[in-house]
Every structure is written in C-alpha cells, then in structure tokens.
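Both complexes below contain chain A, partnered by chain B and then by chain C.
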Partner chain A sequence: MSSLALDSSPPRTRRRFTGWFSYLALSPSLVVLAIFFALPMGIMIGMSFADPQTLSPTLDNYHRFLTDGLSLAGFCRTAIMSLLVAVCVTALGYPVAYFLARSRTRWRAVVFALALSPELAGVVLRTYGWLIILEDRGFINDVLLYLGLIASPLPLSKNLFAVVVGLTHVVLPFGILSLMTSIQGIDPNLERAAQMLGASRLSVIRFIVLPLSVPGIVSSMLIAFTMAASAYATPALLGGAGFKVLATMIYEQVLFYINWPFASVMAISLLVMMLAISFAGVRYESRRRLRTAGAKGDN
Partner chain B sequence: MGTKRCFALILSAAFVTQANVAGAETLVLNSYGGPYEAIIQERIIKPFEERHGIDVVYDAVGSAQQDYAKIKATNGRPGFDVAVMTASQSLQGCKDGLLEKLAVAEIPNLASLSPGLSSAAGPCGAVHEVQYLSLLYRTDKLTSAPVSWADLLDPQLTGKIILPTFQNIMAVYLLEMMSLSNGGDLIDNIDPGFDAMAKVSAQSVGFEQSSAILESYVRDGSVWAMPFWNGRAQLLVDEGVPVDYIRPREGTIPLIATLNIPVGAANKDAAVKFIDFFLEKSSQEGWVTGYRVGSARTDIDVPAELQRRQVQSVAGDKSLHLPDLMLLQAKLPEWAERWERDVVPHAN
Partner chain C sequence: MTRVISILFWLSLAAVLAFITLPLLVVVAASFSPTATVTFQPFEWTFRWYGDLLSNRWLDPFLTSLKIATVVAATSGVLGLLAAYCIVYERLPGSDVLMSYLLSPLSVPQIVKGVAIVLFLSMIGFQGFLGTPALIAAHVVLALPFVTRMVATSLANFDANLDRAAQILGAGKLQRIRHVLLPMIKPGVLSGVTFAFIISFNNIPLSVFLVRPGDSTLPITVINYLEYSLDPVMAAVNVASMAFILVVIFLFEKIGGFSAQIHGGSK
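And then the complex of A and B:
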C-alpha cells in the first residue's frame, strides 16, 4: 500500500484553520467563564486570606475554621447530609429509571411526568410542603396523635431526617434522568440472552444491569451530592437553628455578620468537598473501566 | 384586529408608559413585608405620593441587617433610595461612610425628635418609630401573668416557649436582659446571660428567625410565651388573639428604627422629602396608631391608652437599657458562636 493511500489526514492549512476556528468557537464560553466564574473565584480565594476588619493578609480565617469547632461540625454535617441524600436519591431513583428505560407501555409517559413533576413547583414551595407534613404540629404528627399511637409529637422536623427527606424530593428527578440515560445505553438483548440461558429476573438485574449501569449510578450520586451540599433553602427551612450546614452558615456570615473573608473560607471548604467527591467518583469510574477493559483483554 | 393595527396599539401603549416613567419622580423604599407593609402603604406612602407626586416603589425584601449587607456590598449603591433599618445599622453605616448624614436644613422635622433617641441613632438615621422587647404571653393558658424575664423559666412553660434565632436582634436583646437580670451587664459581663439562656432554651421548642413564624406559634396556642416587639404584640392584642404583653420589671431594651439614605441613592431629593414627610406630626400620629409603636416625637396626639404602653424617650426612663450599639455589633460574631455552642443544643 502506498504512503499516499495511508495519509488520510486533512492538509496542514486546513488543519490550522480548523484549530483556529475551534479556539474562536470556544472563546465566548471562555470569556463568560473567565468573567463570571474564574474572576469571582479568584476574588473569593483572595478574600479568604484577608482580615475582616483591616483586610490585611492573614491566615486567621482558616485557623478559626479549623479550630472553632462549629465550622468543622457544619462541614461534617454537610458531608453526611449530602451523602445520605445521594444514597437515597440513587436507591429510590433506580427502579423508576429502570422502568422508564425499559417500559414500552402507555404508563411510561405517566410515570415520566410524575417523576419530573416535583420540578414544576419551586424549591421553597416544596420545602414548605414538607414542613407542613413533618413539623410538630404537622400532618403526620397530628394523625398519629389523633389515632393515639403516640403521646407527644415525633421529632420529624428541624433535624437531619427532615433535611434529607426534603432534599431527596428536590434532587430525585435529576437522579432519575441520569440513571435512565445510563440504563437506556445497555443493550436489552443482553438481558434477554441471560434470561434465555436460565437466569432469573433478579439475577439479570444483579449481574447484568447493575454492573453495566455503574456509570449512571456514579453520575446520579455525584449530581445528588453536589446539589445537596450546595442547597440553601431546604436545610434552612427544614433544618432550622439546630441543623446548620455550610450553605446556611455562609449565608449568615455574609448577610448577618458581614464577615465575607470567613464566609469565603467556608465557601472554599464546600468547594473542596465537592471537588474531592467528584474527583473520587470520576477516578472510581475510570479505574472500573480500565479493569473491565483489562478483563476483556485477558479473555 | 389586523397586524398593523395591533402593532400600532402596542407602540402607543409603550409611548404612554414611557411618558409616565419620564414624567413622574420615583423613590425606591426598602422596608419590611407583612402587617408593616400594609400599614405603611395606607398611612404613609399613599398620602406622600398624593402630596408630592412621587411614585414609591416598595421593596419588602430583607431584614435591616440584610439591607445593610447589600448597601455594604454595593458600596452605597444598593438600588434603593431609603432603607428602613435600626440604630445599629445607622451607626455602622455612618462609620463606614455608606449612609448620608441627615441635616435639619433639609429635613426640618428632625428638629422635633427626642434628642436622646436621635443621638442614639447617630447623624445618619432619622428615628421614625421606637419599640421595645416585651414578654408576650397567652392570657388563656397561663395561670398568672408573668412579671419578670425570669418567668420564662417557670415550669408551666416547659415546652411552651419559642425563641428567635440569634440572627434576629430580639435574641441578642433577650440575652442581654437575661444577663442584666442575673447579675451581669449588657456588654462586658454577658456570662450570666448565656447561663440563663441555656436554661430558657431547655424550656423551648426551638428557634425561628422570622417574626411572622414566631407569631404563628402563639396564635395557634402551641406556645404560651415568647419575647416579641411590643408593636407586633399590640397588633395581636388588637386582633383579639388571647394574648397580652409586659415590660418586665427588670426593664427592657428599645428597638430604635430609623430611615436611612445610602450615599449612592439615585433619588436623594425624593428620599429627603419622604423622610421629612414620615416625621411630620400627622404622619407620626397615623403611623403610631396604625402600627401601634412609639414615636420619637413627643408632641403627637394619640390615645392615652396607646401612649401609656409605648416608648417616647430613653432619657429618664429607668426601665429602658440601651447598650452601646457599636460595641454590641462588634461582639455579635463571638456571641453567635457561644449561642450555637451553649444555647441552641439545649432546645427540645
């Protein structure tokens, strides 16, 4: 075969033009990102090293964050809450996503609409709905008290439980969409083949669908975690004064104590938490891919 | 209707709107929602618009501290011309150079205000009302009326108290009064206040930030006592809710509410006219009888029964304790941490 036949790459001038054009096409997004993301982020990082009164450089804000006890407690609370929401969203969303990905019945459209319907109402409205249901004087406690099943109201609101319930409701549609896309990418013939070879429905899910939908599970967990960690309205309303997370603590520092440097430190810690979780998720997924590819190569 | 005709109609409407916008002076007023908004619209804003021909755009978003944060974040150009805040923000804003100094030459009615109250708010704040932290209680639930802040620790109130969050200045004032009642003071020796608040917190069902939500607990009877501004408390009494309020025997702390102009306000002339109008004798009478609060003017004519329960002057009234608001502001971050550590965990 001649070298001419092998060289199928575009001519050099055309390549150069394509390269410049790519940069040109990217530039509006880059400018927007630079102005509205990189610049504020830089300002925030710079501000985190400023003294709240004199604005002179200092590490005191970081020292306070690590030693005052309350800030680290808020950090841990945020991480635990977000992890629980991620697990709940993925566990609850998976069966719905599987149904939506595989069903061909007319109920699919109804379930799809129902799954996304929470997004039709605002977050604050939905959160107030949960407050009415969960609070001491709320629907659940009223019914239980009326039926004589409890003597005093159960602590269903102003705590971790209430926030996780509220946020799961808020984030669930995003988890479902992410899982559905992943499950749709799995060839249904694999499931049929397994069943024809005698695998039970449960075995098909356990050994075929679940392993192949890991990217969707990881993606759903990451979306739910980051959305929960950065949520403000739901933790503020359902968590109350006794359950403060980083988002509500940042709000207080910005608006009530007007201590922007310390708020910046909290915001950076939240960012680091989310980046770390995203990095861990992506790394896990790429390693799993490599392992799978290696196993295929061995065969 | 043909497309051309429809287009012409839209154009004419746009021109008319533009003409109105260009013709009328506008004032953006940042204040509060709820009953405050309804009363200020009826008693102050509407008569002001009629007299001066200035359109008032009402912005009910944010508490006084949140409004001040916005003024600070925008370096004095928050997008509103007059802010309803308190003496704390007035003093801080003046110190930071973010609020205009108000002069009698421009606002003649400033001269009619009680000198004690005016000086407490500093040169950037026009005192338009005074309230105080009262102890609100359900008359149909308590066997006897409370007389002291210490009555919040009465065993019959276990699980029947709601407290404001620390971001609501009511919590700070309650802490200070508990300190004063237990051998401490308003700023430097606050430890007795925290000890007492830990006990009050153990009596409480929790914390809420907004006055409207706090009020709802008393309305439905799930809470029998709580600290509350006396003006809002009086509105509940007038509404027929079975409640009353007291100024406890240890005294209380006044809330001095002010009108302020950010340095970068776009409509300063209109802002000055509005403040002067709000401080007029007739406006103050309308406001005091509507919102059931005290006035910094001593020459207003209001029913004696209403006046008896209000604050008109801080000077000479031994039941009123006014902390150094600048020192208080500086202490807030430290106290907020202690509140979260020592008070909040005790709530039920």
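And then the complex of A and C:
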C-alpha cells in the first residue's frame, strides 16, 4: 500500500489547518474499526483461553481441538477441499484466461461477460443451481436414469465432490482474472518467435507460456484457496451434515452448542490457516521480485 | 497435430463456459417450472412463483436487506472517502501504518469476524443490538476497507498538477476539493459505493450470526429455507434478486461509475 502514498504530491499549504482536520475526518473510520473489529478480535482471542464453564484461564480448548479427532479432521478436510478447489479453478480457468489475454476478435467481449457474469448472481443463486443439478433426484441423475446408464441415483450431493464443484464455480471468475493479467504480461513475440523457429503449438504452451505464467498460476491458487477455506454458504448447502468444514463447524459451535471458547479456537485455527497461506504467497512474490531484479541486473 | 490441439483448446473453452453458465440457466428455468425438479423434458411454463414473491414472507427480508445495504453503502462511502483523502492526499504522518490498520479486516475471513462480533455483543450484554443495527455495523466493517482501497487507488492516480494549476489560478482549498478533486475521483468513489451495496446485499457469512427471527436479510432467509426445501419459489427469489442487483449496477453506472473509470476517467 505504500506505493499509493507516493504518487500524488499535492501542494503543501496551511498545514496546521489540515493537520487537525485530517485527524478529525479520519477518526470515525478508526473508531468504527476499533469497536467492531479490533476489540471483538481481541476478545475472541482471549475467549479461546477461557474455560467454557468457569471462564478461568486454561489451554484445554486448544488441547481439545488437537486431540478430539473431529476438529482436526475438519481442519484437514477444509485444507484438502480448498487445495482441490485451487487446482480445479486454475486448470479450468487457464484456457479461458489464455483466450481472453490473446484474442483480438469480438468474441472476446462475449467470453469475458460470460466468464464474469456469475459474480453478479451472488453465491446463493449459484449454489441453488448446483443443488438442482446434483441432488439425488436432480438434473444429472434424471438424465442418467432416463438413458438407463445407472439403476439408482448417484450420490452427487452432500459430499466433497459437490462442495468442490460449487466452490470452483464461485471462485472461478477470480482465478480467470488473475491468470489473464499474468498471461497478458507475457510478450506475444516470444510465442511468435518460438513458432517461427518450428515449435509446435503444444510446445509453445509447454515451454513458453506455462513457465512464464507461473506467478499468475500461484496467485490464482492462493486466491482460490483462501476464498474456498473461508466460504460458508456453499459448504453448508452442498456439503450439509455429510461434509463439514471449519466454517460450518464454527457456526454449529456458536448457534447449537453455544460453546464460545471452542468456537473461538476453531475460528483462530481457520485464521491461522489463511494467514499461513497469505504469508507463503507474500514470500513467494518477494523472492520472485528479487530473482527477476537480479536477472535484469546481470544484463 | 496442430489442428487436433486447437480443436481440443476450443472444446475445453466451450466446456468451461458451459460449466460457468449451467447453474444460472438451470435456476432461471426452474423459476418458470411447475415443480422443483428440472428435467430435460418439456414442461408447462408458469409465472406463479414470481407472483408469490409479493407476499410479506419475501418482501420483508428484501426490504430489510435493501435498508441495510443502503445505509452501509452510504456510511462506508463517506467514511472511506474521508479516510482515503486524509491518508493519501493529505499524507498524514504514519499514513502507511494507518492504511494497513484500515485494510486489516481484509485478511480475516468473514466467518471469523462474525464470531468475534457476536461474541463481543453478547459479552457486553447487547443482544438486543442483534438484527438490523448489528448487521449494519458488521457490514460497514466488511465494506469499509474495500471502499477505502478503491478511493485510495483513484486518489493515487489523481494528477496533482491539476490541483496546483487550480491553486495558481487562485482557487481556495475547499474550491479545489469541490471542483477539481471530487469530480476526478468520482468514478472510484461510486464504484466503491456500488461494491459496498452489493457485498452487503448478498452477504451471508457475517449475517448468518447476526440476524434475529423476524429481522432477517434476504440471502439468510433463502439459505435457511433451502436447507429443507428446493421449492421453485426459491429460484424466482434468486432470479429477482439478481435482476435487482443488475438494476442497481446499471443505475450507478448511469450516474457515472465504472466505465468512465475503465475508459480513462482518471488518468
């Protein structure tokens, strides 16, 4: 964010007036975030160390999280699901992103609108669509039964498969955007040069485009992972009781078991997962910057 | 060989686009179908479900969502504009720290923010605050960082020479803000406000903790209903709410929103 502050340099006059006025104008935002974000987060972290009955300080909640089996399993399920979503989003998004980055025809606008339109529809509508398609008496089972390919409905909903399909659909537009930006940054002359030197279409993709778009692939996977891990509505509706993730387990702890300390521990575990992934992303990005800066320095 | 690869490429592109549009088409089809199951066999078209939308059951949550989203968009728009102005334009001492504080809620998942807020409210004995007031507060916390970032970006793109020129020509500070700065960053502010409206209107992960029976938002009413029924009226609700969002975007766009920004309104 520091780059934002560098670009504009307005004239400096009457500093004394703008000084106190600025702090006054800034204070509502700071206060709102302090009361409804910073303070609640602090209380939640404190609560995670409190005994559910007596509220006296204890580490039991963390101990329970690590040893009761269910919680840690939910944590791993969330991570595996998010990883699968990240892979699917990147794999499905890549051809679309490549087309959007390279096409000069009027189809580009059509594909762009089609690819991003789901974002306007909201998560509930799309999840509802997948429910209709995947449920036991849904669209796919209906077609397969009619054609006589299966004798009884396939279990397509209330499991990992359904949640990954639904979340991939929710996250895909973001993956496409980040891959597209990255592919647009690759000089098309490199591809032309390789083709002129006799490389096939496949080896151009394999040896030129893919390696150069690795940063885009990484950022699309990071976005997809973090969005999937923190999603609530899609796992709740498409996974249900058959496939619980941290987000739905946290909801249960708060509204059914009313166990604040344990809900706090679960929320913190989700937060830690997200921060670890974001940290890995930031580290990757800074190392890449260093490498490319070094490579340029050599010339 | 090249031909095969290019055919494969087009096929995969078409498959992905079909995957993207399929659930939307299915929901639109379901909203006109007499039963909840969507079959590929022809069915009688019906507008019955859209008629059902005008009952209080769906109108009340819609009006609640509309009220909350309007207040959230206005509040976070004003706060975000002021905050970004002070940090980026006036460059207060410690602006980097202030900016990362203002953007910090972005790195916390919504469901975690939701737990923290509802825990906080019950700790201080403000359960009566649940429902609309708590939803507004939580959605402002959610939307404010986005708005601040969008306004900050358009302020950073603002050409300070325009401001200097106005100053040389004798414009006072307030005149420069009113006639130079604000018109230039208007697209950024409007897209921030639109975005705030949409994320509030569609929000689930925060709202799910903060609603109260009888004082619930539209998306929460819908998912609570969906847990036990796939009634086609849900399809009509969803299609209508998407149409509403499109109208909102169109209106803001008319006032001079995003396309002005895309086509070089500020640069």
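As a convention for this text, the second predicted complex is superposed on the first by the 239 of 299 C-alpha atoms of A that agree within 3 Å, B and C clash if a C-alpha of one lies under 4 Å from a C-alpha of the other, contacts with A are read in each partner's own complex, and residues count from 1 in each chain.
Here is the rule we go by: a residue touches a chain if its C-beta (ideal position, glycine included) is under 8 Å from a C-beta of that chain, and two chains touch if they have at least 3 such contacts.
Since we're looking at a predicted model, the values are computed, not measured.
Judged by the touch definition given at the top, the superposed model places A:68 against chain B, while chain C stays out of reach. By the document's definition of touching, of the two partners only chain B reaches A:158; chain C does not.
Of the two partner chains placed around the shared chain by superposition, chain B and chain C are both touched by A:254. By the touch criterion stated above, A:242 is placed in contact with chain B alone, chain C being left untouched.
Once the two structures are overlaid, the count of chain A residues touched is higher for C than for its counterpart among chain B and chain C.
By the touch criterion stated above, A:136 is placed in contact with chain B alone, chain C being left untouched.
Using the contact criterion defined above for the overlaid structures, shared-chain residue A:204 touches neither chain B nor chain C, since it reaches no partner. Once both structures are placed on chain A, chain A residues 137, 240, 254-255 are touched by chain B and, in the other complex, by chain C.
Across the complex, chain A is touched by residues 65-66, 68-69, 72, 165-167, 205-209, 220, 222, 332-333, 336-337, 340-341, 344-345, 347 of chain B.
Residues 1-11, 13-14, 17-19, 22-23, 25-26, 28-30, 32-33, 36-37, 39-41, 43-44, 47, 92-93, 95-96, 99, 111, 114-115, 117-118, 120-133, 135, 137-139, 142-143, 146, 169, 172, 200-202, 226, 229-233, 236-237, 240, 247, 250-251, 254-255, 260, 263-264, 267-268, 270-271, 274-275, 278 of chain A are the ones that touch chain C when the two sit in their complex. Chain contact summary for the complex, chain C toward chain A: residues 1-2, 5-6, 9, 12-13, 16-17, 19-27, 30, 36-40, 79-80, 82-83, 85-92, 95-96, 98-105, 107-113, 115-120, 122-123, 137-138, 140-141, 144, 148, 152-153, 155-160, 163-164, 167, 173, 198, 202, 204-205, 208-209, 219, 222-223, 226-227, 230, 234-235, 238-239, 241-242, 245-246, 249.
On the chain A side of its complex with chain B, the touching residues are 68-70, 136-137, 158, 240-242, 244, 252, 254-259.
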